[in-house]
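Before we start, here is the structure in question, set down as structure tokens.
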Amino acid sequence: GGHGTFTIGITQNNVGVDSYQTTYEQAFIAAAEANDSVEVVVLDAGGDVARQIAQMEDLIQQEVDAIIVWPTNGEAVIPAVRKAHQADIPVIVTNSNIAEQGFEFVSSFSGPDNVTQGSRSAEIMCDRFKALGIENEAKVVHITGQPGYTTAIERAQGFNDRLPEVCPNVEQIDQQPGDWNREKSQQVMEAFLVKYDDIDGVYSGDDNMGVGALNAALAANRAEGITFVGATNFAVGYEAMADGTYWGSIYQSPVDDAEAALKTALDVLKGEEVPFLNYFDTPKITQENMDEFTKPVF
Amino acid sequence: MAELIFFSIAGEFLSVSEKAFMDFDNMLLLLKQSAPIGIIAVGMTIIMVNGNIDLSVGATFALAAIVLLDSMTWPFMQAMGNWAIPLAWLFALATGVILGAINGLIVWKTGVDAFIVTLGSMLGYRGLVFIYNGEQPTSHLNWTLVDFAEAQFLGLHTATWFLLGVVLLCWLLMTRTVHGRNAYAIGNNREAAVNAGIRVGPHFLWNFMLIGFLAALSAVVFYSESGSVNPNDGMLYELWAITAVVLGGTKLSGGYGSIISTLGGVIAIQLLRKGLGHIGADTETVNLVIGLILIAVLFLDRQLNRKGKEELRT
Amino acid sequence: MAELTKKSIGGFLAKQGILVAFLVFMVVFAIANPRFIDIDNISGVIRSSAILGVMALGVTFVVIGGNLDLSVGSMMSFSTIVVLDLHDKIGPALAIPGMFAMTLCLGAFIGFLVGYLKLNSLIVTLGMLSAIHGLTLTYSGGQNMDIADKQNTWFDFFGQGSMLGIPVPILIFALLAAGLSLVLSKTPFGRKVYAVGGNGTAATFSGIPRARVVFMTYILSSFCVATAGLIQASRSLGSQNTVGQGLELEVLAAVILGGASLLGGSGTVFKTVIGVLILGFIQNGLLLMGLAFYAQYVVTWVIIILAVWLDIAAKRGRLWSPIA
Amino acid sequence: MSTQTPALRLEGIVKTFPGVRALDGVSFSVMPGEVHALMGENGAGKSTLMKVLGGIYQPDEGQIFIAEDATVMSSPLQAKSKGVVFIHQELSLADELSVAENIYLGELPRKSLGRVDWEKLYAQTDDILKTLNVGFNARTKVGDLSIANQQMVEIARALTVEPRAVIFDEPTASLTDAEKVVLFEVIADLQSRDVGVIYISHRMEEIFKITDRISVLRDGQYRGTLNTKETNEEEVTQLMIGRKLDLSRNEMTHSLGPVALEVRNLSCGKLFENVSFTVREGEVVGFYGLVGAGRTEIAETIFGLREPSGGEILLDGEGVTVHSPADAIARGISLVPEDRKGQGLVLGMNCRDNMTLPQVDDMTAGPFVSDGAEIAIFDQYRDKLDIRTPGWRQMVGNLSGGNQQKIVIGKWLSMHPKVLIVDEPTRGIDVGSKSEIHNLIRELAAQGYAVIVISSEMPEVLHVSDRIVAMYAGKVTREFTAAEVTEDGLIQAISGL
């Protein structure tokens, strides 16, 4: 772009699927508006890889100065990213990373480390079991995000790998997807409650799902004995923690996420040095330390 | 096309891009991007002309993609070097044909309505996709393949050639061959076709195999370039394909429709999406406007095709 | 006498094939896992099926009238979000009628397009699926919608309350099903819906205002959607914008599984209820068997086809189709 | 009749449907070069018998012999390959396809790669159409043809192959006289080529004109075969309905009331222009004309189905605008439409519900439809019109063609209209019922109804009308009173001479 401003295109994963992504989009636009030296083209792939690739092609064709991509599939976008690279357009990946094969065409990744998030959730869960003295007999069920999504897979992997390391005697007895959907998770949890007389912990891939599971347990009068741990602390999760029914989560701000992505892109365009893996921190949050955090806006 | 003009003008004022919407390269890109849905929509036209519907194409698309990409990682395939590529295509296409044949056979032999059969297999085939590789994406990035898929010949992308080829061949099939004409007759008046001694079952079977093939071909074209498939890929493609077909004027009740008009429907949808992006509409607006424009196009189309005042008021 | 019973059993099978199929599945699941027929489980399944079920009741009218409604999922999200938002703004007593009015407006709009303008219902409702989603996102700003004070509201009654020991969602579903069953099978309006779906031209020639009847089926459908949205909102007292996403196909599957023809003119409320319960219990039964969700997909596929196949095979008196 | 072996023979055929024994051990044969009529009341089983022969239904018992070889007709395809061509009672055409494609449906000529040999197809079709002397060509879309012309397309199918036997199931129900002449030439030609022809019709004059033998069915049973030359209408009727028919006209014993319906200079685009006529209470006005003359459209306009482009409609002397059929019904107008399947019936609905459909709003007890009231109406008109059905629960689609027509008539009669318009009321109705319907029309007039009868059958128009309006190409050409009308005068008036 001319007139001393940069034009940056972004193709988001699936705005509207939950309030995280919406808040991200709004924060991204707000950050761009606050900055005179940048204009943005904001596109949404609606969760569809083909649409995302088409959007990348459109952005290349429009000759934007940089492209930010929130991948719908961390591998499928690589050839499109290469195309941008070949057209000398720097690409910044946001929120969830692309596969290593594509790293050579990418300037930087900016976002949370979802594998670490999963391990942290495992640690929160295990610490709680230890505090309750049930670390040798506790049974856990696991509700994952939308099947096939990188974020969902990485968190599940982080949790499943870490839990046996910290709490080797805790048994994970079932795992089903809740599709990032509160209602779906509530149904899944209802079935778990019928099927298992003994459930001590529920790990959900995000708090929307976690609260769905919590609602099911509350309705069945079994919430008391269960430790609920989630990820991405949505406002509902924060409130449930304040109520004392939900135990812990991972604090992750979509505003930080969006601002970091835009800043990284601008830094790249200005030729500044940026780390390749530009993680922003996503700390543990539990009933015990929650007053250190403000209530999420989303 | 009304959308074209609208977005060109709106783009002048709203877009941050200095490139015009009507830019020739942009239109070439549009054709290319129309290929995945377009190839499926061509098959859907045939199925709908025949009096059926196929809701399982999205899942077939995904399963064929998995076979395409995964087969290239099999040891004997890897040993073949780039010769594995045509073989992988073949496997993928065969997958599509088999899945189509399953639908076709069930429709034929049980007499259960195609809507229900394929609503079922939309779920069932999606289940197979997940069973194949759990929740993980299936990936195999082969740069030779990508280069082929990204290539341009006489200015048109590989995907565009495939789309145009499919449109041409299927158009010939439906307008020039006995099979095509019989398919129209069956969709138009099944009982009459049966009375005339046309074997309805085999026609169903062939056409379901054809749409399976085309769904797989669409996957071959698209995933040769992208190299990775999510287990959720292709969801809702059936609805977009059907929308394109109906926008093209094909009757849902069968017996009437044209492949060429379907191509028009596909391009209209793609234009809409691309145009909305071009003028910088946000997600809410895109959803709202796509929906309303779809209805508006249908409305205009009806107004233009009215028979006038002499029509019966039924 | 024996002849008679044999005949009537055959006749019953032919008429109620779906019901029989349903009972067979129940027995199989019960043997596989006795918890399946635990009263809590059964009531739990019916309770969660109630939302889908209430929507399916309305869609049954639309389908019998010869049309489709793919917008019910996204319309349900709309109702849920709206009633939750209004709850805090104007209180539940006004929020509920307010939400119903807004949802009915959407239904009226669709009914106008399909009924009076005679636009193709598949495309119209697919368009509305997208448009209403956009509307919902605009309304909520894309944010989760939660009631601020979840403890002190009577609004949870519709989703979580119970009367006479029966969970309220089940009660609403049952009452609505009974009421709409009467409307469909016993009132002039019901008769007209069948006529319009069976042969719209002949209906017009009989003086039936076809456009108005179609319009009314969409009004009814949106009323059911609003009711479902109310139950949904009340069940969780908070919601995402996507809460109803994808339900349209499940609803349609239930209606079709119940034996309504997509061509219009046939189907009953009772059979739709059976269709809803089959879907609900299959999902639950397989979950209890511990199958991965994707195995459930495959089994659901097989069951849907078997159920419908057996149903029509009983009706035509032979297993294999007569299609040459 | 060159040989003693029948072209085909059916023996002891039994076919039952739920609640109906449609065929009860029927035997029947047709000789090469013979035109063999199959007669019987509506629902006697004629179409069913032919569907068994055509491979559409499988018989429960009995056998089919082709040239004395026992044969199983498992499908229409097989019947065709055995040389049996079936021209259906209900049109069996794909209306989106061309005339040529329909005539050669199932056997389009091929070139390499499965391509259609269009040149050959069109050439062959044009040859056939030439012998039929019709006004459309091979490429015309069937949906654009009138019902009569569609029927001609069906008939053309008999000429595509060298058949052994051709079945015509009521081919003349919607043909005009000119087309009938062509049809009879076709049949004569088939006969001369030693083809066996089975001819089903309710029209006696045709039967006696073209057939050699007449077989009669009644209630699914074979009643005997007569040599056409050696019998007469009375004998055949007696065999068909088991009694003699009173064919005398119910002479007017009532006087006419005031004008109930008046139409002044009514036009609807190019469909019809400046049409004026009156119908008085107690009067039957016949509308006679060729296909496309615009009679149906006038009826549809009066009934609120079309918007007139000019002119006035007056009911009881008062100008009215009829917006919709509902409106028309509320004003006491009934229309028995021309196309019973498309416009008259909901085929998937039962007999009773079809019959009470226009008045279902009035059949209520509280908010609900009252079964009793509905069944009472159904029973009344079933008896009055002698409708053959196992019960009111039967789906109308399962009734025989004639009985379906009776349901439509019953539906509109039960509305007790002031103005009753019937469009081709006896299409496909057997002789017995036909005269009953004619009597009924006269009776209704006597009760003070104003009746319009649109018919393409001259005898019918002559028989029932007090006055006849002749139309040609959308215009009224002449009006006749019953006293002054002659056949020649009528023919002139409708040919635009």
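Here the chain labels run A, B, C and D in written order, and each chain numbers its own residues starting at 1.
The rule is simple: a residue touches a chain if its C-beta (ideal position, glycine included) is under 8 Å from a C-beta of that chain, and two chains touch if they have at least 3 such contacts.
Small disclaimer: the values here were computed from a predicted structure and weren't measured.
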Winner on C-beta contact pairs when A-C is weighed against A-B: A-B
Intercentroid distance (Cα basis), subunit D paired with subunit A, Å: 71
Between subunit B and subunit A, distance of the C-alpha-averaged centres to the nearest whole Å: 32
Subunit B-subunit D separation of Cα centroids, rounded to whole Å: 45
Subunit A residues counted as touching two or more neighbouring chains: 15-16, 22, 25, 147, 177
For subunit B, residues that touch 2 or more chains besides their own: 130, 194, 199, 283-284, 286-287, 313-314
Residue list for subunit D, restricted to those that touch at least two other chains: 75, 77, 305, 324
Chains that touch, pairwise: A-B, A-C, B-C, B-D, C-D
Subunit D-facing residues of subunit B, complex: 176-179, 181-182, 184-185, 188-189, 191-199, 255-256, 308-314
Subunit B residues within the subunit A interface of the complex: 16-19, 23, 25-26, 29, 32-33, 36-37, 130, 135-137, 139, 141, 146, 149-150, 222-223, 225-233, 236, 273-274, 277-278, 280, 282-284, 286-287
Contact footprint of subunit D on subunit C as seen in their complex: 182, 186-188, 191-192, 194-195, 198-199, 201-209, 265-266, 324
Residue ranges of subunit C touching subunit B (in the complex, touch as defined): 70, 113, 117-120, 122-124, 126-135, 137-138, 142, 200-201, 204-205, 210, 249, 252-253, 256-257, 261-263, 292-298, 300-302, 304-305, 308-309, 312-313, 316, 320-324
List of subunit C residues in touch with subunit A within their complex: 33, 35, 38, 40-41, 44, 48, 133, 137, 141-144, 146, 160, 232, 235-236, 238-243, 245, 283-284, 287-288, 290, 292-294
